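Both complexes below contain chain A, partnered by chain B and then by chain C.
Coming up: the complex of A and B.
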């Protein structure tokens, strides 16, 4: 089809295109070794894209969360880490010590056939496997996003059952997807560029919950034919 | 023949007698008596068990009490599935009352969603209705409603007000006559024999040739193991609201009459009793 004859950009994505976009995304991930993989559900034709990252939490964030963390036994572990860090670093710089606790974030990109768009699910835990609560996850959301999202906290970030695994995950609600995808897709179309839906979408929603999408995805990953 | 509208009432007022007992793992100051309750099939466990909680808190020390959760024969019960679905899926063909264990500690983080207030249930319920309308009407009906209309749906369920709920819900059940049904049927098929929580796909109520598709057609396409040839012994029961609808029933009729208030048709496929 000629570029000029294209129909208006659609925010919707059919399941087949979702798969193709993911495949191209994963090919690039393999090249730059940033850890994305495809997880197939046994005995079905369904699956999702997955990535696990370890996120350092700055001591300032941790202190703010102290109250939340106290209830969990993992406080001891985190404190130990901090102690160890402090001891290590006292040898060098004295005044400033960058103290980090580490959290494990697991991100899943799924296809929603109801909304015909991709949806980001994730869960977070401490290194010894204690899951973070919704409140704790909220406090890790970048302050720039937090205020806007929190105007309707139950609408944007909620705990939901993972539709393929049946386990509790957090989900960024897809109802706003059209709001930001439409301008992005319209712009790309006006400039006659073919963008990979998953790349554009994930670059917007990922950073909200600590997931970075390297710039090379935008330049190197094409849209499916 | 009774009016089809009567079916809506029968579905809404379906009840399951349940006996709640405190799990032996809980620490109590004195012995806890069981608590008996009639549970509305279309509601949610955490929405209708305030009395159960109060009853057991009387025999417990405050420091032994964390978030309440329920279990049946070793399976943690997902509060975010309607009560009738939990019963059909896990306890069909067992003796009544349904015996549910109550826990106040060791919350199973890897199995259950937290439910710390009714606003969590409301959010879950409304998000199901929205998803269903995305399938049925591309979200047009739910988006045309006002906030107070959404509230009316929720309050109707929360306060068990059939008329209040249906005055609004009937709008979600409308469709253009010439199309013969919704765009897609909102449904979920649950199986105890599967690791997957449920099957949910796009399924239209009318075939490309224009004839009404049935429950049998739906199962044949998405869960073929659940139906068997006529000469075979029946291996599975297909349950909706505790009954086995005929496989010839059009899915559009089922969606309009046997959906839960969340607007999804919840279908449980369970092993047939071996007697």
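Coming up: the complex of A and C.
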């Protein structure tokens, strides 16, 4: 997608507008408290919008290769070695014990200077920080969306280094954003409505990777002036 | 007994799933039995307060950041470091009570996420696993407990109560394997006799009126904003029937003129309806130590504040009353607990293996795999990638064709690639052979087969590549000069037989015709698929050799094949070809020809009679890339066909038809003409007098082995021609030509 192909009814967003859209988005998130925040990279003026979602799952989902049971034998040895050092405090703990299997999804919204649009990065992990493979992520995406993800502009899922954190993330490649943003923006223009780019965009791309965007964003969040 | 009781009572809360899990962990069966006995005994005892311990929750980013810190900052420094975690009281039901550490955990003075409470921590990162093991855990816990105790005694904890939530993290980062060992400790001071419940926990909505609840929410919010924060770990509360007031912890004496009955509130990360989370423990201790003597009953509000779908509620907070032991006179630090259990429920460390997302080699592998999977997901859903990726490829020749074939195979994710070549890299090679560089040519040049392997591993460490610097004996190139040359040839043949048997697909990528003969014979005998690529100046052929039918059933299949293929050369086999179709359409894989099937002369020394410029294979530079890539793509298409090498050959005529595989056609040959920028897809039958794949050659090879092969190497081409009947064919043809000519003359 070359700069020369840019259409006048622009699907592009300059970074300032991106920030303004995010700010309005975050203001609404603050009122409904659905967990979005702005993460500033320390010592720079760069940042991104972030949300973490926790999802309790059947622990069998995690037993295959993930989570805590890796190299169980080694850990048993290690535990035996160590246990002598720490008394088994169960007796004194006065604690309730629960077993939890929880998946953590992290969603990051970044601005891409080269594409001049927002990009959705995400990753999923167990509570110890062990990342899930893309298949495992998908197995938790709603089947309706799973099918959609394999068609149309959704097939652009790929693995990339997070440009600000330098860690591997999955991302929805921005190269086909125009395909679904243009009709939405054209329609808004025709109806003389001003829409917040981030809201429109995220409500389309979010659900396919398990991220819900409440309807109130569409009604409550305005476009920047 | 009391302590044991309360601990065991806790097991009653474990779900059925947990029971199985506990049984699975070694030697725990007896514990379970014991539990049920004790549970029965417990039911009559006075109720004691139980707490839900913290679960450590680590973001992947935390491990990345720890790695960065260790590499760039800490190096071998094992001294304790200040870190920061946080916890949240707004979880929906079903989530564990967590202490979360993010990548920002190392920025101890940095901001805390909105409406979360910070917890100060100390990181002990050891340099060795041994140090991790031998670190005195009890001493670490005692030290932290002592700090908390001192802060309580001195009153410092009243001013800054965050000390009550102090935690310890002991880690060892094995950065060679990207394995991380860790053990959290959430120190809690213990009341020896436990805490007696005077009134069982109830939800706030059952204890407070709507007016009281909204008054509490408003009071809390206003205290938050006047404190310049979005979450208060501890605060005080007093209430009447229609209003609620709150105050900071330190205002206790002023807020409650009469200490007989006070209500203390804790920001509670737990979601259980009957139990407070861990942070309450040290707060109770603070209260007991500071005001214990004056308190009669303490009311505790575990403040839970969540917003679901935009609507906020604190109604599920829990409230209860306890009687605290009087600690005001005790001066020694009490017993403390807090090391986290591992996932098996035992006192022990946890570990996490992050090589998948941190080891650059693994990242390369998963990215390559993912890219291929995306091709499948996006474009060719029925693509069977495993078939391709798991194919073991033997590349005979590591020159222009070999290099390009190898690179294309890597692109397809093929992991197992073996090179055979006997040449060294010369100065002219690197510009055309993309696996070599100028440096490889120096001091005589490296062996191609070995240098190619090195380069593949540099390009992609996940490749399983192997190189064999060896020659392939050829017909018409005698090996009988001495015993040692014969022995060498015997060894080379055995090695080649072994290599072919260990691989799934054999690529013929050499620069002479006759060097392709031996692998053609061996692979035909072993029923291995051959993909052959050969270059002219601006023309090329890429083909799959016909794959003979499996040997076992000697009965019907093998004999009609040879019969029909012999007849096909002399007359049209009407029975096997549909009317209207040409002779060369719909040839099944087992009847397709090999590279030598179209020849009417046996392979011999093709370089002997040539001038120097003819010996060097000169071709247009793009040709090897085109042909090499096509060779791999042909292999992949064949592999996608359900019948593999037995697939009916597609021809140019099939270009408009429904393709037989998800990737399209499966031709027998691709012949390319660069001058015209054109490819055609011919198919041809196996020739019953073929000097390589005919039955008589294979039978002789299978019966006599090296003896037969040696005869071929050592003799002139007439040996194979006599054997296969080509000589006779020549004579007949010549006779026919003579008759034709005499006919012409007669006219």
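Simple rule for what comes next: the second predicted complex is superposed on the first by the 161 of 225 C-alpha atoms of A that agree within 3 Å, B and C clash if a C-alpha of one lies under 4 Å from a C-alpha of the other, contacts with A are read in each partner's own complex, and residues count from 1 in each chain.
As a convention for this text, a residue touches a chain if its C-beta (ideal position, glycine included) is under 8 Å from a C-beta of that chain, and two chains touch if they have at least 3 such contacts.
What you see is a predicted model; the values in this text were computed from it and never measured.
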Notebook entry, point to check: More chain A residues touched by chain B or by chain C?
Noted result: C
Note to self: In the overlaid three-chain picture, which partner chain does A:216 touch, first (chain B) or second (chain C), both, or neither?
What the structure shows: second
Next item on the list: Considering only the touch criterion stated at the top, classify A:167 as touching first (chain B), second (chain C), both, or neither.
Entry: both
Check: So, A:34: does it touch chain B (first), chain C (second), both, or neither?
Finding: second
Next item on the list: Could you say whether A:56 touches chain B, chain C, both of them, or neither, answering first, second, both or neither?
Entry: second
Margin query: With both complexes superposed on chain A, which partner does A:131 reach: first (chain B), second (chain C), both or neither?
Written below: both
Next item on the list: Considering only the touch criterion stated at the top, classify A:44 as touching first (chain B), second (chain C), both, or neither.
Entry: first
Check: Is A:192 contacted by the first partner chain B, the second partner chain C, both or neither?
Finding: neither
Margin query: Taking the superposition on A as described, I'd like to know which of chain B and chain C A:158 touches: first, second, both or neither.
Written below: both
Check: Taking the superposition as given, does A:106 touch the first partner, chain B, the second, chain C, both, or neither?
Finding: second
Next item on the list: Under the contact definition given at the top, report the residues of chain A touching chain B in one complex and chain C in the other.
Entry: 42, 131, 133-134, 155, 158-159, 165-168
Next item on the list: Could you pull out which chain B residues touch chain A in their complex?
Entry: 78, 80, 109-114, 119-120, 122-124, 127, 130-131, 134-135, 186, 195-198, 200-202
Margin query: Residue numbers of chain A touching chain B in their complex, please.
Written below: 41-42, 44, 113-115, 131, 133-134, 154-155, 158-168, 173, 175
Margin query: Quick check on the complex: what are the chain A residues that touch chain C?
Written below: 30-34, 37, 42, 52, 54, 56, 59, 67-71, 74-76, 78-79, 81-83, 85-100, 102, 104, 106, 123, 125, 127-131, 133-134, 150, 155-159, 165-168, 214, 216
Note to self: Taking the touch rule as given, give the residues of chain C at its contact with chain A in the complex, in rising order.
What the structure shows: 3-4, 6-7, 10-11, 13-15, 17-18, 21, 26, 48-53, 55-64, 90-91, 94-96, 98, 103, 107, 110, 113-115, 129, 133-134, 136-138, 179, 181, 190, 194-195, 272, 275, 307, 309-310, 312, 335, 337-339, 341-354, 356-357, 363, 366-367, 370-371, 373-374, 377-378, 381
